[in-house]
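Letters A, B, C and D mark the chains as written, and numbering starts fresh at 1 in each.
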């Protein structure tokens, strides 16, 4: 969960925030496309190296952050490519596929390079900037507004969810037998859900006091 | 269950985008309509999206000892209907990609198809079918959530199998391989989500 | 002038919270005092137009508020309520954007709204927060930004629900300095009696669904405060015990009185 | 005795919140004072085992806390933290069920847990709330129930984060009566200096990521309080201004001192 805040924090503090969003999206997307279209070697290695270099160099993203956010997806990709190494049917039923290892490694390389290229975008670009960019590209206002409200509520709810879980831990939820723990987890989810609803209706009333009727206009962010 | 950035060949990415787009656009126009009718819906939908995202980050006790994450798309489909969920689920996927580097943008079409379209429709269909059969409410909710989760997993396995067919047995063999691999985590998770859904439902009816 | 006349409010299924409460808000600093659950917040919501009273009326310059869309829109341009929990009013990801909502909603052009936002942030001493993400702000900072959101609309009347709750002494001090720079009439709900005594020009005490309004010396009325489930503020309590004359409002007054004895 | 020795805590990517803070909690009433953002809450979380310090250690009867599952389990049986926002701690449909959560997890049989719950509710003066749904309670009631949830675990050490925040004077009074009936050591975080002076046996002030602990007369140290972004409590300020000897802790003390003059 700390990862949500970690990527977002990096994006807010990114020295690249002052550059046009379109440029960053284009750069990252070009790298992703390169990762998809070029052969694993040397293409993906170049993309991965380039993305990492840009993140750790000019974008000044901490290496520990890059490690924290890349390890889970890369682990998932690594597991996901295992089936590529083997083939089924025939005798024996399960066997190493011819070139299977190379194929799996190739897809792994595409995945890792693509993930790093995506990470370059998300560690340098906040959700807010992306939403403002979408708005300028003509995405309808209500959709962008829902996404913006969702972004705000995520952080409000996150602290609630974390606090509820901590409070359960403090009262020794881990010592309960599994069926009880499931029930307590349901209570945590249910409590969070009720508070989500409560938060939403309170924000609705709070915004009405500020004059909210249909739209939520705000100034665009100033790019200094 | 998300397919990571870079894991699908470009043509597949494009095809899944094309497959998802009509549903997501239809959902988006439904969302625009309901939020024009009643501005409160904007807050509700945003809250539902935020809740789904936060829920996917909550740890659940699990049988295997590792933590597992509920997806919540089945619940959303029951509450808001599958069209709205097509948009909202996609939005959650975008947030996961942007805030967590979880999933990806080129694989968004494929992930939306499994998590925001097929999952919710299966969940909703199950819910409606069991309701028509006058089964108890807890069973409707539990099955809707569990089957939505399972359907998502099945579609993801199929998407990977189409992209990477088995050299010997083609799509069928690949589907079996991916299915078996992910079944280890996804089947208990789907069951856990179903049970959790029943318990949450119980909690909410008491509260 | 904003006023409520004999307003009655009951929540569905509950007993009446306000039973013919009247209050007027001249261009001064008025503290609204009451225990938790006394109806303070309900009265503020009623004055702001968010709650429609079952009886009585809310008057702005003598004209009764009509709870139509147009009536409320006009009312909100002049009367702004800042809620206790800032998370109930902050919706935007960054401070500047959030504060700009009110001005843009008033129909100001972007350049004008931007100037208004900058001016408001400077006025409240939070210009340095302009580009910060809302979720990185401390509780006290969020309270200040929520206040800025209301102040940016330049209301004649500013209603504040427990603005000092949860703030540390420095935070309270900074808030008061910021409020002193505004020229709206201010109605501030609190249950800190000593704070109200020191700050307000006038006090209004909610008792039994009604309001007793008057000069701050009202807070020396032990019976009234007991009925309101509040305590007499310490300067007045001390003055009463020692038989000091006058209405000492804070430490300086008390010191002066005692030294003169 | 619960203690922290030279603990250092920093949040990822941020500066250190605690920089070698030490505090000990003997079997007394200790008030933990500090401005917003001073690290009070972080220190409480650290003492409770919820935050793992980067340096230093938390000691229970001289034994360092090990942040393993077993270590934390043992710690939590003896040290309980009550958060500021009661809604973070109440997650059951009704009060009795919520308070029984901890005792059941301690492994008590149902009958025993039920007895424990009833006893705790009676002790805190909220037996009448037992069957009420949690979401129908007032804020003050919810705070009391959240406290009951911790007290029902019979911890030796009770850590309270701003338990008086948001309570009106009567609510604070009721809370204090309830706390006086307990026999745990209590560490109470607050930024109400006058309240701490009146209530505590000992005070601990958070300054610059460290802690200064001592008798309540410490709150007369103007330099210390200024460094902590706090103000000297009014009884001590008044005593200092008038040159009164002693450490008057509340209105009665002040009155007595002045009458004796």
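One rule holds in what follows: contacts are C-beta pairs under 8 Å (C-beta built on N, C-alpha and C of every residue); 3 or more make two chains touch, one makes a residue touch a chain.
In UniProt terms, the chains line up like this: A = Cobalt ECF transporter T component CbiQ; C, D = ABC transporter ATP-binding protein.
Bear in mind that the values here come from a model prediction, so they are computed numbers and not experimental data.
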item: Chain pair that, of all pairs, has the most C-beta pairs in contact; value: A-B
item: Rotation in the CA alignment of chain C with chain D, degrees, nearest 5; value: 180
item: Rounded Å distance between chain B and chain D, as computed from the means of their C-alpha atoms; value: 43
item: Inter-chain centre distance, chain A versus chain D - centres from mean C-alpha coordinates, in Å; value: 37
item: For chain C paired with chain D, centre-to-centre distance based on mean C-alpha positions, whole Å; value: 30
item: In chain C, residues with contacts to at least two other chains; value: none
item: Touching two or more other chains - residue numbers and ranges from chain B; value: 203, 207
item: Shared-contact residues (touching 2 or more other chains) in chain A; value: 8-9, 127, 148-149, 151-152, 156, 187-188, 190-191, 194, 199, 203, 207, 212-213, 216
item: Chain A residues within the chain B interface of the complex; value: 1, 3-4, 7-8, 29, 32-33, 35-37, 44, 69-70, 72-73, 76-77, 79-80, 82-84, 86-90, 97-100, 103, 107, 110-115, 117-119, 121-122, 125, 127, 130, 140, 142-143, 145-154, 156-158, 161, 165, 178, 181-183, 185-194, 196-197, 199-201, 203-204, 207, 212-214, 216
item: Residue numbers on chain D that touch chain A, as the complex places them; value: 12-13, 48, 50, 69, 72-73, 76-77, 80-81, 83, 85, 87-92, 101-102, 104-107, 135, 149-150, 153
item: Chain D-touching residues of chain C, taken from the complex the two chains share; value: 35-37, 138-140, 162, 165-171, 191, 193, 229-231, 234, 237-238, 241-242, 251, 254-255, 258-259
item: Residues of chain A defined as touching chain C within the complex; value: 8-9, 12, 126-128, 148-149, 151-152, 155-156, 199, 202-203, 205-213, 215-222
item: Contacting residues of chain B [partner chain A, same complex]; value: 2-7, 9-10, 13, 28, 31-32, 35-36, 39-40, 42-51, 53-55, 57-61, 63, 70, 87, 91, 94-95, 97-102, 104-106, 160, 164, 166-169, 173-174, 176-178, 181, 192, 195-196, 199-200, 202-204, 207
